[in-house]
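Dumping the structure here so I can ask a few things about it.
Just so it is clear, A, B, C, D and E label the chains in written order, and each chain counts residues from 1 on its own.
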């Protein structure tokens, strides 16, 4: 059965092809083709899962290869492999995809490009599944890019909307910036191990340990980057005439400070660390980690099921999956993992803060996703391999649930702005309750799936060798998560409807049933990872295994969550506390958050504008310098020389003659001025030339 | 170095020749310069005589002075214009032409005559010329033996020139 | 068949052009279809060639397959030598395919069709001959033979500035090729016995024989090829020529004629002057890198769709040269496999750029015929109105930006893989080029297909059958080779290894 | 016989004068006359060398003889052409014979 | 004069005889009432037909000498002091000239149909005489003969150039040609007299031995003399700065005569300049004419090409083009000189015979072969262009480039032929011009002299420039619209000429072997 795993991505791919070519004929039936395909994939996955666990006893990973491309004297192979991680991902992807596609029948009903939507979803699913079963890093990269493509297509699905198409482009480009890292990492591994097969690479992982890479001036580069970022930040914040000098000043100050503070010494890194960091850069792009997180909130312009599937549950988790998949390389030395942990922790808190002030329901969820992905990264980074992946799985279910729930809300109210919502608790009961369950899971209330996974991450962070910073970040993140989710719930479902124009209604069954399935999973999925008796950890683990249960950690985590819920409830559900008094002192915080820390503006100032200017400058250079001056200039000179010959006749010879004529005139010999084409002058030139040639060659040499 | 009679004669003839030539090129009246051309030719014939080339001198007088000058006179009369002294015969280009010609002369002197003068060589005749050097017989012998081909060719050239001159000069009646 | 096949492929189009001369010019339909049908013959033959070509057979510096070697001008040592190896077989196929598709696309031409189609077939002979000839004299003849038909194609059927563009194209490329002529002669005199045979030259140890003049000879050849590629800063003929050329002309220009330059690198510079090539690999790589980034940035600034694609060609051909430079690069631990991969990448990029840019130019032609403008700002929202076109256009753009799963990816992958082995910095900078490429192509898609529809184009018809027939094979190749490039890489690989072995 | 260089100086002078005439004369016939001067200059050279050089082969004299013949032919044709020009443009002022230039 | 020697000059004699004959025919037919005889027995048919035997005779002579053994020297006035030397080189160059004359006669047939019904006998007679003169020029190995033959050629040419008597331009061309030519030849004569004075000989071979043995009165003087001789020779081939006559004369002369001047007359000039420089002035003598010619060649091709660009009249443009082409051809001469001389202190070319059994000048001398091949290909391509020009000029009445607009629609065959000829002139394959250029460049590279390489590079830059104006004509023909679309039907004779030239332009490329064989035999 396992050898049939290639069918899993191929079936949706076939569905994609079928819908694309037969789309106009299929019309509404396209959805059923797509769903049939994903159900088949799910069934095959299930079969393979059984095979893996019960026949193979989840022992050695099964790998299958085929020759793909000859490369010189060697051959590049392509293949697929199955292990527990794969199985887990297969289930996550197929289930969520299935639910989302069913949900979409209702959500996308009546869209003019209805078949196309399902085609793209199928293509996405195919690509995502092939990413999961790939056992060569090259195939992973290809699938990785293809999911990026489908993400682009789906974000820009309503491409008539300018924001949608801009968001799509942004998503593709920003992730591609990350992909370059993946690509370079791939090349580095390929070059140094001579293979792209994961098994082969891992086998040689130890060889990569030797510190070979000598990176000079990393500190200086970092200082420069910081300086530029500060310049951009100041440029974004400041207004008026002081803007440019202020920005330059800020940039210089920060650069100077960083230059002084950051040690400049050359950095020695092992190849594995470099490769891991490059791969992680790819993951940062895909999983929307700081600083490449900017595309994900914008990506909410896509249809909501897309957000649920791609930008919450699966594709964005691919970065985490990549880190997990390449864990043997990452763990060769700790440098890369430390970076992963810090970046993850920072992102977890950083994104969560922005979630607090957003008013768009999907935006909040988007920042929540970024934050949770940060969690997962953090988990992986601090050595919690199992924890990170466990959170990936649970998060997939409850975040998909949340997005679909918000989709249901949007479908019901026709708006995404939470300030126009309120009181939906009564009007949309199923949506409300499933939403509450998922929120609880996300907030990490004990008993819900999120609790178990988050707890494991915090536990791993607690035991991290690098200190407790990451752990506290995790706790703060937990608090913030609970806080903004409660705010979201409150604004959306509690209170009274704020906009009387909106007549909300509960969604149809095709939309509600997936919500219920996912809500169930949001509760149950946690129980395969009970602390101490984790089935999940039994199958999916790396290295040393789990830490002892720590009640402190559990208490702190849960406490933070409960505190967050409580605080938020006191503000929005039972408005006891008020923000207004804080405004004068902390208004800038809100401005800062509402502007997303000015990250978009910084990129605009630092990257996009210089780029556009440079393209124009280059083009001008091309037109005016290379083409006009050099090429046409040569031509021009040639032409000029040719006329010069005429001019030589006309002005030099003639000019001398004219000059003579002028002299002659002044001398009283009034004669005509111009004469040429005249044989005497020919004779004159002839004689002069002969004398010149003769004089030079005979007398001077 | 004493000056011989030959040399005195040479100087006189040469002065006449060059002087007439100067007149040829600068005289505004073209008929007069044609006359001076005849004098130049005569002077050249004199030089030939001084160089023991009597036959050539005779030819020079016959052909140049006799034929060519007359031909030129005829042509001048036929074209009958620009003969009056009032019309400037020279183009004002002489301001350039004079230095150019002077430079040419200087070049010939420095590039040919002076090196030639300095380089004594075995090619120079050692004794006096043979008695029959410039006579009709010796030249005729050469013309009809080794140089018969150029001789014939010259006749062909004259024929071609004749035909060409007639074709070009005659007036076609349309 | 084996000894005739190459001659047939090369000269059947010429014969076709001769046939067209005898068809009265009023019978335009007969002329057009005759041309298309004749062009199918070399296409079929080139497929036959591909099938019967032995990927593991003898490769260029050692020999060639389907070799024909007939003395031609004995007195000069000129032979009629034709032969193919892994470098040329895909190029031959590409040429025949693109010419056929261009002719199909051009069926609508109404001005002076007889001359148009005759010239096109003549052009095909020149192109094919360039890729097949193994005698330098013959090679040069074919090389120059391509100029004149293209001059006329641009000059007669081109855009508003066609006369300027055509003569610029002609002069510019001529500068390179006449320089090449001197170099050819220098190599000729250094082959014993004097011979124009490329095989003999490759065998002659030309670097050593030329001695101090080797760099000069190299520079002359390099100029000839670099202008054709075109490598920065010899590229400025290209935007003008591409923009002014008729659609099919642009397809051939970008799809095939640019490859003549890189083919020259692979066929001439590397095997015949290996040491000198190695000596100059850094400047070449730097020029290639500049081409990549510069071409991409300038493309981004364009408002004319065709010009944008023209500049993108500069950028993409830069990868080819980068791969070639990497293949000869000097670094401590470069293996034959590394070099071979770089060469594979370069050749794949040649082939794929031909396919993809050919398709893009055809698509530009499609839209230009309908809108009569190529101004990017005037489009928008066409994705709604003409979905088939939109799909094809997007596919081609994604192919062009090197999306994995489409054939364009492989070239870039292997080129960068090869470069990586030599120099990491070059690779990283080329990576920047990839991002910029993605940026301008996505922006193009956005400006053409997305957003709100310009009411002017509310009734624009979608791609018709003729256009789809011309485009479909290219799209199919793009996708098939995107997932399964083995058929073509099998052919390229042995050739690459053969060249790579020269460099050890 | 006077020294050969004397002849050479005379001939060089005649030659330069001939050139001067060609460069300055406007009348085409006068230009032909100047050409005759140059031919005579060459002839002086030839004759002088003929007597001066070893062997006294008379080749120079023969050469000069041919030159005289050629000069006659040339002036005949030249005058014919000038007369023809005169017929078409009614003058033979070389300064004004410039239909074709540049 | 032995019989065999007589056979060697037979072509010249035959041409002269034909000239006299056609003169008589013309006179008779002109006198005959109402031109009836003119209709039945026109001089042009006679001439064009009768020049074919001369060509055949040249060919036979070539064959005979080739098979008689290259050691035989066929000279008049004895091998020691030859006036003319009929060797394979002279026959080959003469053949080119006679073939050119043949084609020009075919063109004249058409051209003179209307312009000048009278005096056709004299026209063809002069053409015959001039061609005979060319044969003498190519074979002359004595300064006297060179001077006589050159003057013969010039005098005939002056008349021919002004043959269109009633046309002001033609008359003017004749006058300018005459004055400039006479001046140049006078300078040349003066140079010859100096050379005679320096070496005590007028024979090229003897001059060479005198120069190499140091029996010269002064070496600087020799260079002065050579430079002055070069004026006359350079005048004939229109080498800058002795080219000033060419544009005016080319523009004004009757077009067939322009064609003839650019091809046949130029071939003669090339032959004599080659022979004079290679045979009489060996480079080993220390007379450095090489650098002079090198610079003049470079200047010639550059200025010729540059000046051609702004031209509006195609004949004038072709004049500048021919000035430039001479520069290319001289590369061959220079390469030959560079290859022969250094290793042959004793005159490499004995007794005026163009080549010796010296290894240096054997089959591998690309320079000299290049010169001849270039001359041959220049013959066909340039005559092809002129045939097209005549065809169009005849119908439109103008030789301005503008009047060629849209010719592709009015005369497609001529238009496409023109493209090929232009390509050939620019040296782009597949044409004869390419072979010529290849050979000439090969010579330059073979010599391995830096200065020649530089010259070759200049030549290459120039051939790119030349495309600009050659294809300017093509542009006008193909891309401009004509005022009328009426087909322009050229006469049969012109079409035959164009076709012939087309076949040769292609043929010399495709079957270059035989031509190369002949040329090599000629210089072996």
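In the analysis below, contacts are C-beta pairs under 8 Å (C-beta built on N, C-alpha and C of every residue); 3 or more make two chains touch, one makes a residue touch a chain.
All values derive from a computational prediction rather than experimental measurement.
The minimum number of touch steps separating chain C from chain D is 2. In terms of the stated touch criterion, the partners common to chain B and chain E are A, D, listed by label.
Compared with chain E, the chain whose C-alpha mean position is the greatest distance off is A.
Closest to the middle of the protein, by Cα centroid, lies chain C.
Ranked by the number of C-beta pairs in contact, the top chain pair here is B-D.
A centroid comparison over C-alpha atoms places A as the chain most distant from chain B. If you average the CA atoms of chain A and of chain E, the two centres end up 75 Å from each other. Chain D has its Cα centroid 93 Å from the Cα centroid of chain A. A separation of 43 Å divides the Cα centre of chain C from that of chain E.
Centre-to-centre spacing of chain A and chain B amounts to 98 Å, using the average Cα coordinate of each chain. The set of chain D residues touching two or more other chains comprises 15, 18-19, 22-26, 31-32, 43, 48, 52-55, 62, 66, 70, 73-74, 77, 80-82, 84, 87, 94-95, 97-101.
Of all residues in chain B, those that touch two or more other chains are 88, 91, 93, 96-97, 100-101, 104, 107-108, 111-112, 116, 122-123, 147, 150, 154, 157, 160-161, 164-166, 168. Shown for chain E are the residues in touch with two or more other chains, namely 144, 148, 151, 155, 158-159, 162, 165-166, 174-176, 179, 183, 187, 194, 197, 200, 220, 223-224, 248, 468. According to the touch criterion at the top of this document, the contacting chain pairs are A-B, A-C, A-D, A-E, B-D, B-E, C-E, D-E.
Residue ranges of chain E in contact with chain C, taken from their complex: 408, 419, 423, 427-430, 434, 437-438, 441-442, 445-446, 453, 456-457, 460-461, 463-464, 467-468, 471-472, 475, 478-479, 512-513, 516-517, 520.
For chain B in complex with chain A, the touching residues are 88, 91-93, 95-97, 100-101, 103-104, 107, 110-111. Those residues of chain E that touch chain D in the shared complex are 143-144, 147-148, 151, 155, 158-159, 162, 165-169, 171-176, 178-179, 182-183, 186-187, 189-190, 192-194, 196-197, 200-202, 247-248, 251-252, 316.
Within the complex formed with chain B, the chain D residues making contact are 1-2, 5-10, 12-21, 23-27, 29-30, 32-34, 36-37, 40, 43-44, 47-48, 50-56, 58, 61-62, 64-66, 68-77, 79-84, 86-87, 91-95. Chain E contributes residues 1, 9, 16, 19-20, 23, 76-78, 81, 83-84, 118-119, 122-123, 125-126, 129-130, 132, 136, 144-145, 148-149, 151-152, 155-156, 158-159, 162-163, 165-166, 174, 194, 197-200, 210, 215-221, 223-225 to its touches with chain B in the complex.
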